[in-house]
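Starting off with a structure, shown below.
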Amino acid sequence: MKKFINKVDDILVESLSGFSTAHADLVSLHLDPAYIERKNKASNKVVIISGGGSGHEPLHAGYIGYGMLDAACPGHVFTSPTPDQMLAAAEATHANQGVLFIVKNYAGDVMNFEMAAEMLAFENATVYTSDDCAVVNSTYTTGRRGVAGTVIVEKCVGSLAETGANLHACKALGDKVNQRISSMGAALTSCTVPAAGRPTFDISDTEIEMGVGIHGEPGRRREVMREADAIITDCVDAILADFQVKNLTLEKNNEALLLINGFGATPLMELYLIYNIAAKLFKQHGINISRSLVGNYTTALDMAGASVTLCLLDDEIKQHWDSPVHTAALRWGC
Amino acid sequence: MKKFINKVDDILVESLSGFSTAHADLVSLHLDPAYIERKNKASNKVVIISGGGSGHEPLHAGYIGYGMLDAACPGHVFTSPTPDQMLAAAEATHANQGVLFIVKNYAGDVMNFEMAAEMLAFENATVYTSDDCAVVNSTYTTGRRGVAGTVIVEKCVGSLAETGANLHACKALGDKVNQRISSMGAALTSCTVPAAGRPTFDISDTEIEMGVGIHGEPGRRREVMREADAIITDCVDAILADFQVKNLTLEKNNEALLLINGFGATPLMELYLIYNIAAKLFKQHGINISRSLVGNYTTALDMAGASVTLCLLDDEIKQHWDSPVHTAALRWGC
Amino acid sequence: METAFILYAAKEIQQAILTNENTLESLDRAIGDGDHYINMKRGANAIIGIEAELAQLSPEAALNKIGLKLLSTIGGASGPLLASFFISMAKQLPNNNNDHAHLKFVHAFAAGVQAIMQRGKADLGEKTMLDVLIPVSNQWLLLAQQNHDVAFICSSLITTAEQGMLATKDLIASKGRAAGLGERAIGHIDPGAKSCQLMITAVCNLILKS
Amino acid sequence: METAFILYAAKEIQQAILTNENTLESLDRAIGDGDHYINMKRGANAIIGIEAELAQLSPEAALNKIGLKLLSTIGGASGPLLASFFISMAKQLPNNNNDHAHLKFVHAFAAGVQAIMQRGKADLGEKTMLDVLIPVSNQWLLLAQQNHDVAFICSSLITTAEQGMLATKDLIASKGRAAGLGERAIGHIDPGAKSCQLMITAVCNLILKS
């Protein structure tokens, strides 16, 4: 394992320190318990807090700022944060309108945020993101995983909160947006958790993992490496099938947002090539890709791979996607 | 080699198509010869054109837009573009005030842009970027290489051109900014050029290449892998020494821009950890880091590694760095 | 049960975790995200780190403190589950005053397991730590009610824990990270079941030795 | 020199490049960026691709067209250099009408090499393609002026090219991408020198065969 690190135990604090110094205009860092807090926040709004295991940067701290998150709670690498972090973040940022947690749907994250929510003294609600259609919902599963679509949920809910909307409305929008997103990804290589020091999974030079999770969890199946057209066609088909299962009919001229997300080690050149394929395929299905995002937005450390995310838009979602946002990793309109 | 590609020969066109579709509001793509052109450009301004081998995305096409470039000419992967591309781009974008080429100082880029400049019918000038201090200027070298600092030059010159400044002024600012930048990088792994199909260089699990170029060219020396503190200290020392050689005294309270650039496969988490180290070291030398940029801005395909870039600011440079910019990869203020 | 015993047990548990790094890590790499060993180690070390403080407390206060410490230290899925276990155990311990000491402890253990079931919304057969904890809890209550001696109970629970742990191998997971795997989870022991078996065995052996 | 000969030569050059993929790629991987083979292949294939068109042209028009095609096809450092070579050669060819055909061609070649020197601001001993081209150009002029027969000249130039190519091995580079390497470039043959040697050898062998 070769990484730019000093001691494995210090990675998180050193990286967070770098982040908060580089973006001192936007955020400030607190330790013991660790959370990153937005600067210049409104005094009267629903506070939006997210968090999760580290290693998915820029998720979540990179999305703190005007129009998106008010705080983020970073856990150890790929390990959900602990409730004391959420409590401290909520108490520090609370602005008289309650707290909305945005939580990726993993047992660990769910339970830690749940315990925080139970202990929290003021009004709160939670949106669980579960856009990963690699995990088929069945009698066997507690539920799908939250992956890159989380960024879209955070953007839209953050935008609504900025307008002064109440907790109930923010929660409702978050649930709605989440419901309208499907994602499917593929890994070409494993990631290496620094504390483990070796790749999370073994994969040969001729294999890919279809439907991999953003922690390197195994996905739908191990496959022989194929050309990009074939891999991305499978991702798009999985997403289209998922929309059917969800009873969300993708009708002609439906507008959609297409997000191509890199897992950390895949060059932008390949991500745009993937975008080219996915956009064409969706268009062939009559879907009007009117918003796009291509880049490393929800990563898995140093994993090579990418995911395709489609979000079915409506006027409300479009408005909140387009509205000004000023964070370290997403910025427009201001 | 596992990459998201179809046929090796089609990568460039497919990726550029994806890029121009995803950013159709900002750019349009032309093929044979290939160049990407800005939409909504002023009718009367110095046109800023850059270009170079592909594989460094988002450089250069990602910097086309208001406040930065008017066109970019993408060569094959790691191969400079050909003069016909520059001529076509210049003719398409020319806006009555001449053309400024921004060219990274490599023999191939220099000669191809030079031939284009000689053939061009209207007024033009060229800024060569040469911020890489890994290559020590000596009797042996034709000159230093242009690396991540190129982004800073493009941003500042693009900003000035937007104000209606003339060609001479734009060229002068570009030269000045370039002179005030030094960069130094290290590679942990090689990159793999798709057409070659195998890593450009061999490097063991315990080695790094200090001063590597953004094409995987060998750097100053092959070294044993060390902790991040030690590697980054060497980078910072090389930059400080370079400023001395350039007779640019870094005085107390000098403001500077610190750019930590990832080569493509290094996670953001590590880049911020590097930022943390570099910022502390520069501060110890009395330098006031007042502007920061951390991310993959000048990549080398799928190489793991990063570079440290310091740009000594003055009021003029600061103003042009801060001014609004709206491109695919860099956006603020609008 | 005395606080001193809790501290001895904590040390044994720490040892059991640390000496099984490879096993725990491999299991979570196979059907999870590879961090279960790191999580458990972080938790165990944190408890040993507050040993002196714990030593001053009553058994129930110590157990509660352990729960809270684990809650703010481990994270992941195992953190809130193990924390709930100790916090509920601490809450239960002062009750059942009619029972003799051993039975009180059995009931407290059962309350802890109940808390895990509630927090994780899981039951037997879902390929989790509960596949060790539920059988052990049931078996312990049974043997204690039958007034078996402690040595017999400990040996028996070691076997129960091992059987529960091994049984997870053939299961499809319906809770936790492995739930996404479907059939692919078959053939792998659940990491949380393994760590629970290790901890139970460590404590039972401690009792057997003393 | 007839256009038909230029086309034969182009075919031989293409073969020489394609059969030396490993050599050219390895050399540029060692002290450059690994694309020299790809660049040369792209150039050679492009010329063969316009064969029919070239066949209609006069020798100088064909050489000029080859130069322009290489200019818009190869890119990198070798593109403008080789393009300059052919464009200048084409420009020179109609001159020196007093010379016999062979000498005219020698002068045209020399003009091509001069153009490379100007474009690349380089000279002998800088570890570039010029370490093959300059000695070959000089030697050729000398032998032609001494009226040696074509077979002798070709054999001799093959040797000169090989020596020039091998000589780059011990040099430090002061031009091109390898210039950043300092001492580390020593021990490696320059890729551009190698491809020029291959091309010269291919053309000389073609003449020797016919």
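Per-chain residue numbering starts at 1, and chain names A, B, C and D are given in the order in which the chains are listed.
In this section, a residue touches a chain if its C-beta (ideal position, glycine included) is under 8 Å from a C-beta of that chain, and two chains touch if they have at least 3 such contacts.
Because the structure is a prediction, the values reported are computed rather than measured.
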Moving step by step through touching chains, the smallest count that connects chain B to chain C is 2
Per mean C-alpha coordinates, the chain lying farthest from chain D is C
So, in whole Å, the Cα centroid of chain A is separated from that of chain B by 29
Chain centres from averaged Cα atoms put chain A and chain C apart, in whole Å, by 32
CA centroids of chain A and chain D: separation to the nearest Å works out as 55
Note: chain A residues in touch with at least two other chains are none
Among line, ring, star, complete and other, the chain contact graph is line
Chain-chain contacts, ordered by label, are A-B, A-C, B-D
Note: in the complex, chain A contacts chain B through residues 1-7, 11, 14-19, 21-23, 54-55, 57-58, 62, 188-189, 205-206, 208, 225, 227-229, 231-232, 258, 264-277, 279, 292, 294, 296, 299, 301-302, 304, 306, 331-334
Listed in rising order, chain D residues that touch chain B in their complex are 25, 29, 31-35, 38-39, 42, 71-81, 83, 119-121, 172-177, 179-182, 184
The answer for chain B against chain D in the complex is residues 33, 53, 75-84, 106-108, 111-112, 114-115, 134-136, 138-143, 145, 193, 195-196, 200-201, 213, 215-219
